[in-house]
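Notes follow the structure.
Labels run A, B, C and D following the written order; every chain starts at residue 1.
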Amino acid sequence: MCRWMGWYGQPVRIEELLFESKHGLIDQSLHSRMGAETTNGDGFGLGWYSLSGDDPGVYHSVAPAWNDPNLRELAAHIESPLFLAHVRATSGTAIQNTNCHPFRHGRWLFVHNGVLAGFPAMRRDLMLAVEPELFPNIQGSTDSEVLFHLALTFGLEDDPVAALERAIGFVEVTAERHGIEHVVQASIGVSDGQRLWAVRYSTEGRSRTLFVSADAASIRELHPDNARLQRVRDEDRLVVSEPFSDLPGIWHEIPESTALVVQPGEDEQRPFRPQRAAVASGFTAPATVP
Amino acid sequence: MCRWMGWYGQPVRIEELLFESKHGLIDQSLHSRMGAETTNGDGFGLGWYSLSGDDPGVYHSVAPAWNDPNLRELAAHIESPLFLAHVRATSGTAIQNTNCHPFRHGRWLFVHNGVLAGFPAMRRDLMLAVEPELFPNIQGSTDSEVLFHLALTFGLEDDPVAALERAIGFVEVTAERHGIEHVVQASIGVSDGQRLWAVRYSTEGRSRTLFVSADAASIRELHPDNARLQRVRDEDRLVVSEPFSDLPGIWHEIPESTALVVQPGEDEQRPFRPQRAAVASGFTAPATVP
Amino acid sequence: MCRWMGWYGQPVRIEELLFESKHGLIDQSLHSRMGAETTNGDGFGLGWYSLSGDDPGVYHSVAPAWNDPNLRELAAHIESPLFLAHVRATSGTAIQNTNCHPFRHGRWLFVHNGVLAGFPAMRRDLMLAVEPELFPNIQGSTDSEVLFHLALTFGLEDDPVAALERAIGFVEVTAERHGIEHVVQASIGVSDGQRLWAVRYSTEGRSRTLFVSADAASIRELHPDNARLQRVRDEDRLVVSEPFSDLPGIWHEIPESTALVVQPGEDEQRPFRPQRAAVASGFTAPATVP
Amino acid sequence: MCRWMGWYGQPVRIEELLFESKHGLIDQSLHSRMGAETTNGDGFGLGWYSLSGDDPGVYHSVAPAWNDPNLRELAAHIESPLFLAHVRATSGTAIQNTNCHPFRHGRWLFVHNGVLAGFPAMRRDLMLAVEPELFPNIQGSTDSEVLFHLALTFGLEDDPVAALERAIGFVEVTAERHGIEHVVQASIGVSDGQRLWAVRYSTEGRSRTLFVSADAASIRELHPDNARLQRVRDEDRLVVSEPFSDLPGIWHEIPESTALVVQPGEDEQRPFRPQRAAVASGFTAPATVP
């Protein structure tokens, strides 16, 4: 089982949230390593936006995150107002940098915790539905990267939630044709550097968890010793696939089948409904070899 | 530019040919590293058959071959009557184990020195033509792995040379549709543990080199200090993409557009002619998403 | 916490004990990864002897053992009558191949589960006591490698148990000078290809566990589906740092402060008593810079 | 043979000097890879200072620099007014991150192109002379890291050039005791974030090359298409172990046995004379095991 976290708010040194908090993502991996829960030692990734407005940077590594000196250096030297971090636990595909999240396309970052059940059997059909011009960009062998490229194919850059609804609908239709049950299990994070979308969904209706920090006060409470975070603003948000702590009132759980949009002004939460019918009727698969 | 070598003959410790010879593949890499020629530092692979008749073993590494302790250990402890070794120089795809040769399917090993020009543009069409049941086995992002799976699709296990002629013909037809010139540049090694096929071919008719050791005497001459190789049999063969030395009479050059079959009894050499027409008319692309 | 296992007996394919048993070392790592206990994902090593009588081969990797294709290949293709395997969990030193066990010197292999407390403070003094000719062979930064070289300095190749008693005595004397308590925590495996020594000891008298398979019948019981292991001989022994299963009667626990010698004929078990006095009085530290 | 470069001046994106210039360090590695000269594919390192005044960041990698996506990301997203980059070609020690330059101690960075001849034989004596408190910081197995810690022992943080003169003098005295000739071959870069010291020296008097950019105009000439570098200031300096181009007038060669100090105001160049006598008489080796 993978884990991920997203930060949206004032610029922070990445290490402040990744390492120094005793509730950070790496600390989670370390604790899971210490026996409490599942380990995530099969790859790590970080995607971050700069204040400069450049395309996001990405760091991928197959070294264990809790013991990767390069990651510590990066996290200590990079400030970012918006980043996504992901620790991976493979269910079979190769452990290699090209299989690490976040995946990137231009200004877009994508992380996925979960699985497409029966992916090897569906892989060809799903890749085939990817926009031909995007096809060469698929460099690894994971279900998540293909799902990202399907979402790009279905318009992620115009309307991320709608595109994910169509992409996941398409996966579900494909799975039915293959006789695969409960195909999608997902918590997904997407960003373009301006907003952060977080989706919780599973075909079965028993999704992996997803949480958003309740408010500025809760972030301050999570990091009592961090002077900077004591100055956190009301708009700052932490989104996490797993709760970092059990302090009451800190986290809002994102409900089943829901998309959260973290953005300037009021955040938005709305139902997430895969567009299966729409895909079946309206979508024309890209042309194939004659 | 990649390099490869194949050994077919009496069992040898792999290190005897890979490291100890001053004309070995690793020594070549080392020399190229020392300034004489192109380096091959982007991945190494070894596939070997055992006397036991098991499926071949494969070792892949992205460490430089000249300085990989695991490879030295393996090569020192494994005896094999038939192996293929490959050093890689990427022209762009990721440096990762899943991109290292030899590729394997059951008892079959495949190495390729060369390139499919314009591969990113053709990648989708070529992968699409791979037998759907084989599709999930493509784990990396190289042109060579796709070419291997095309050859498997076109019958490699029944008739390797004919299958390669059809696969390369199919690549050439696809390239023409994409307006790509001189698409195939290849020296290819294939084995099933019983025979060793070596093909030299390029669309342009200016192929990378390919050589086979002239006879037992020439192998003895190449390894004057190797007691075991002084007992080499007349059937033993070394196939190499680049000449290891310039001793006159040691190597036979495989001509342009030629397939060599190293096998029990007399070796065979025959023209290699891609089957473009056959493919265009007779080949039915595997069914795609409806 | 690290783990290790040793096999002494008839030749087996390494994978039979490492992967295929549901009680194997890798399976343990996998289970610990699944949440039950500590993970060992910071390095793997295998040292094996061949029937040929050659020096042992060694394979080291920092990829997670449960997902390392090269390890699976090796384990599937190598037969060995005597091997040591080790999974590592670092408590701080770098994750790199030169820090992976087994360490090797000529025909000798050495694995260690445990720790020398306060090692950074003692490192210089301990390295200084290593025989100057052995000094350049220390390639990594672990306490275990230094302990091995101390044991070599104190005569491991002549009398492994006595040398370990002197080496650990020397470490304990050094620790006292540095004010370090409970310095040694160890289960140690050593072999020269003829015998397998296993030591359980800690300064505190609360040592990591160490077990030896009870007898041939117990090994057969551990691997009910393995035809080869059903033919296991009475002399065959499995030594493990952690019990693979809780089947009653399968394992003998090695007592505290005990050395086990697995050898042709009757095995031997004897007290392990660090030689602190002997070292303090009789040992002359190697000459240092004038 | 290693290579290194140092930048001292206005903040630049590291990629501007490392990748985008056709005379950059990576381009050099690539060219050497393409056949013109020695390859440097055994490890890469980058140490950079930020405007914030923090301790420098360090990135180490054993992937080939020309094909390391993480390095490209870093170089594209980090701005620095002072950095050191190093590509490594090992002459035998392990290829691992802990052997990659720059080495760091607090605010200090150190790179070395060259070799200490006969290092394995001297390694123990040299490490023994390292200040005991610094000893645990030696994490790798290279001669360069030991030389750095000797220089720290001899006062690098107070007077870098004098400390290097004492450290190298000590190495030369030690080498003589071991009967090693021509022991030191070095071009060395050192920085504390305020100044950049560059030393060219060899025992034999035939040192590796070392160059400094002539003046602002020459840097502009080296990067005609880089708008930012067209605004380069007179104080900005590029120091390189190998000339990036042969444009006349671009580079000043640092003479044999010379130390260059790049600093605010006028740079300084002075003779570099190892302090052998001083060491022999005045230096007291740190206390050893009693």
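Note that in this section a residue touches a chain if its C-beta (ideal position, glycine included) is under 8 Å from a C-beta of that chain, and two chains touch if they have at least 3 such contacts.
Here the structure is a predicted model, which means the values were calculated and not measured.
Peer 1: For the two copies subunit D and subunit B, is the contact made of the same residues on each side, with over half of the numbers shared, or of different residues?
Peer 2: Shared-number fraction above one half, so same.
Peer 1: Could you let me know which interface, B-C or C-D, is made of more C-beta pairs in contact?
Peer 2: Most C-beta pairs in contact, of the two: C-D.
Peer 1: Report the inter-centroid distance (CA atoms only) between subunit B and subunit C in whole Å.
Peer 2: Subunit B and subunit C have C-alpha centres separated by 40 Å.
Peer 1: Please output the residue numbers of subunit A that touch at least 2 other chains, ranges allowed.
Peer 2: If we look for residues of subunit A contacting two or more partner chains, we find 69, 94, 97.
Peer 1: Please give the residue numbers of subunit D that touch subunit A in the complex, ascending.
Peer 2: 48, 50, 54, 57-61, 69-70, 73-74, 76-78, 97
Peer 1: Could you list, by residue number, the parts of subunit B that touch subunit D in their complex?
Peer 2: On the subunit B side, the touching residues are 32-39, 41-42, 62-64, 67, 69, 89-90, 94-95.
Peer 1: Could you list, by residue number, the parts of subunit C that touch subunit D in their complex?
Peer 2: 93-94, 96-98, 120-121, 123-125, 127-129, 132, 135-136, 138-141, 174, 285, 288-290
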